[in-house]
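By written order: A, B and C. Residues from 1 in each chain.
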Amino acid sequence: MQFTAGGLVVAGSSLPQRLLGFLDAVLRGIGQVMLQGNSYTGLLFLAGIFYNSVLFGWAALLGAIASTVTAIFLGSDRSEVQAGLFGFNGALVAIALLYFLEPGALAWAYVVLAAAFTTVVMVALLRLLGTWRVPALTAPFVFTTWVFVLACARFGRLQTTAVLPTAGLPKAATVEGIVTASTVAEGLFSGIAQVFFQGNAITGAIFVAGLLVSSRVAAGVALAGSCAGLLVAWGLGAAEPAIRAGAFGFNSVLTAIALGSGLFAPRAAAAAYTTLAVVVTAVVFAAMSAALEPLGMPALTSPFVLVTWLFLLAGPLFRQLRSGGGAG
Amino acid sequence: MQFTAGGLVVAGSSLPQRLLGFLDAVLRGIGQVMLQGNSYTGLLFLAGIFYNSVLFGWAALLGAIASTVTAIFLGSDRSEVQAGLFGFNGALVAIALLYFLEPGALAWAYVVLAAAFTTVVMVALLRLLGTWRVPALTAPFVFTTWVFVLACARFGRLQTTAVLPTAGLPKAATVEGIVTASTVAEGLFSGIAQVFFQGNAITGAIFVAGLLVSSRVAAGVALAGSCAGLLVAWGLGAAEPAIRAGAFGFNSVLTAIALGSGLFAPRAAAAAYTTLAVVVTAVVFAAMSAALEPLGMPALTSPFVLVTWLFLLAGPLFRQLRSGGGAG
Amino acid sequence: MQFTAGGLVVAGSSLPQRLLGFLDAVLRGIGQVMLQGNSYTGLLFLAGIFYNSVLFGWAALLGAIASTVTAIFLGSDRSEVQAGLFGFNGALVAIALLYFLEPGALAWAYVVLAAAFTTVVMVALLRLLGTWRVPALTAPFVFTTWVFVLACARFGRLQTTAVLPTAGLPKAATVEGIVTASTVAEGLFSGIAQVFFQGNAITGAIFVAGLLVSSRVAAGVALAGSCAGLLVAWGLGAAEPAIRAGAFGFNSVLTAIALGSGLFAPRAAAAAYTTLAVVVTAVVFAAMSAALEPLGMPALTSPFVLVTWLFLLAGPLFRQLRSGGGAG
């Protein structure tokens, strides 16, 4: 066993060593929610969630464990398991389902089933999207959450909570809805906390600390992404409570991390490209939240997934985004 | 001309021989609704439909003929035509449209148009999904039926029947909705009959006989799939009339046949994988039926298609599902 | 600099030459809305739009410029830029947004953002669909317009106009809705005008002139497509005002141009195949307009995109559509 940047590498195979290796994979999985395969980052993310809610802390841990165990049981690639690739969708789906469903023994069993299913969706998308070398991102979480929450409409023993209707997203710029410095300050960090469904600025600050452990660039672009989402929403007249809660921020945070952490050549065109993606993500969030309103479903991170897929697909065909591309 | 397992092989090219070969392709097409390229199976399926409804019997035959003729006319691969690959979506779309539309000369012409269109969708999906060696399943039927039923909202001469609103799927576990032994017995066979839109347990039993002719394994997993869908719905508190009608069963039946008929290595992981797929299919059915409620559209076999695609895509990447994979 | 069929080829690189080359690419982009990479066609299309509405004329020009400039700035393939591949989605999205949004400085900025985004979607689809050698068609326009109009539901500073609910598409064949010769004559040309959102038969006639400049076959099949869409709608009992306005025509026009301009071998099967596609396009338009009604969104050219993708995907696998295929 040796320590490396970002976590443990377990060489031996005694039971304690294997348990430590498993714990490392689970924590990296929680870190992968913001694309960081780093178990210390995952630990800080978990701390941030527990700070806001003990229920969601346990949910994240259980979800990451269930989806990772499924991957191991079915014989997934070991290096992918160890990098946390099968933990992040399970963690997110578990928080989301316990956010929308009344807790209970059946609800927890339902969460485990959903988390296990995310692993199959993840592997299916790895194969499908591998054709274009595009990652699955949080698409398995989005798809699984929509399915398992919608299904409750037919199942009398699984009750949805009152929070389900997309509260806080009215179209309004009323007198009481004036954006102030406190809106901006709170919205900036809440936007980062909302990546894990946590509407708490302190939790957002702990998440930034978690990103800093892994990559200073990632922490910087995450804050810039949250800020950009907030400014777009403010400029176009979104409702103040939604801005304060970070509703327009979390998808832009993820797009910023995915595209802005050194993927493209450091050039004006690449900066403009990433900015366009982050701004459009906030617009797509507004659109998805409106499109799903008749079903009472939240947009989750679908705007991040859609926009990042498009910009990753298109990227290689734009000469100005490649190293040395200016000469072409 | 020679007889082979599952039907005729027509070597000659006289008119009666060609007609017999065509009839064989049409019957295999009806068998392919449950993934059995066997004309005796198709004949028994047709008998089961006629037993419940003469109208739907003729619809199935007409639809399978129209889509098969389209494939022959456009010059599809002959071995694929002969295997019934272009019949099953036409048969299903014809039954579905005559289930949802008031009958009449225009409705029958509309059915023929829709059945012909399923052949184009089928070939398009064969080419698209061939990239990952994944079959089209009943996706052409689902897409075509949704399109042709939805379109009636704009066409004054095509009236939809009163059955269209997804009746029988309320969220309930009321006093009168207690699941009894008769619910289970009826639901088990109705779940198989519903693959062809037939809510009739005797028809379901005839379908099982049809499967037995082709494959004892297929008949067994079909019953197990219907049972699993029923148990999931019962356990999560679905409404008794929906369980009795087999509404939660038919998609699980198809998923069970597609994944459980010897595709994976005979090992615990493969059994768990197929069981997960069958259980998730029932959840996805509940979700799709809720998602389509604002449009008044039924889920059809979309849950089977979605879940089976995901599990087929992911399958090859799981070591424990491959022969000899345990050693890897 | 030399003149070629369909526009300019600019060899030099002085500023006036580059500006002329850019203008040529923008006009070809407007021509590409009907799949004609011809700047004279684009000029006539622009004239037809200005004839009906000065606002939409400027919108089309601005949109085509914004999306083309984005492609140049990011370093797209020069021959693709010059052929107008990055102009047509921008032109359409600009007209659509100014059709659905109250005008204003913020709305125009929003239009530029949307037009720039269409270029990224276009390149992403070029890469995705290139796997099967299928073109992107107007999918970037459809996706971007849906997103940017839906998003306004959350943005207080962007107001949608009253036209948004899909007016004129009731299910009706009432007394006042009798189809007459004037309905047919007006609907025929309006169906072509509606490709650019212009409900004006004279504009439609100018568009036909634009097509004639580029290709007599394209002009002929465009008229035939508009006629076919109109006849399907009439035959199935669509509302007279919708038929007169060309609502059922414009998607069939585009499908007819895409599939009927010499793509397949000149044979009965190919004619039947294209006819099936054009007829189904009118049905899919009815379906999409009904499916999007709960969201208040229009179908735009999504029926053309969906149907043409399916028929292009399937085409190569049908022997009777290939040259010399009859012998196979």
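Heads up, the rule we're going with is that a residue touches a chain if its C-beta (ideal position, glycine included) is under 8 Å from a C-beta of that chain, and two chains touch if they have at least 3 such contacts.
Computed from a predicted model, the values in this text were never measured in an experiment.
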>> What's the minimum number of touch steps needed to get from subunit A to subunit C?
In response: 1
> Does the subunit A and subunit B pair touch with the same residues on each side or with different residues, judged by whether over half of the numbers are shared?
Replying inline: different
> Just curious, how far off is subunit B from subunit A if you go by their C-alpha centres, in Å?
Replying inline: 36
> Counting only residues that touch at least 2 other chains, which ones in subunit A make the list?
Replying inline: 131, 294
> For subunit C, which residues are in contact with subunit A within the complex?
Replying inline: 73-77, 106, 110, 113, 116-117, 120-121, 123-128, 131, 146-158, 294-295
>> List the residues on subunit B that touch subunit A in their complex, please.
In response: 131-132, 169, 171-173, 233, 235-239, 242, 269, 272-273, 276-277, 279-280, 283-284, 286-291, 293-294, 309-311, 313-314, 316-321, 325, 328
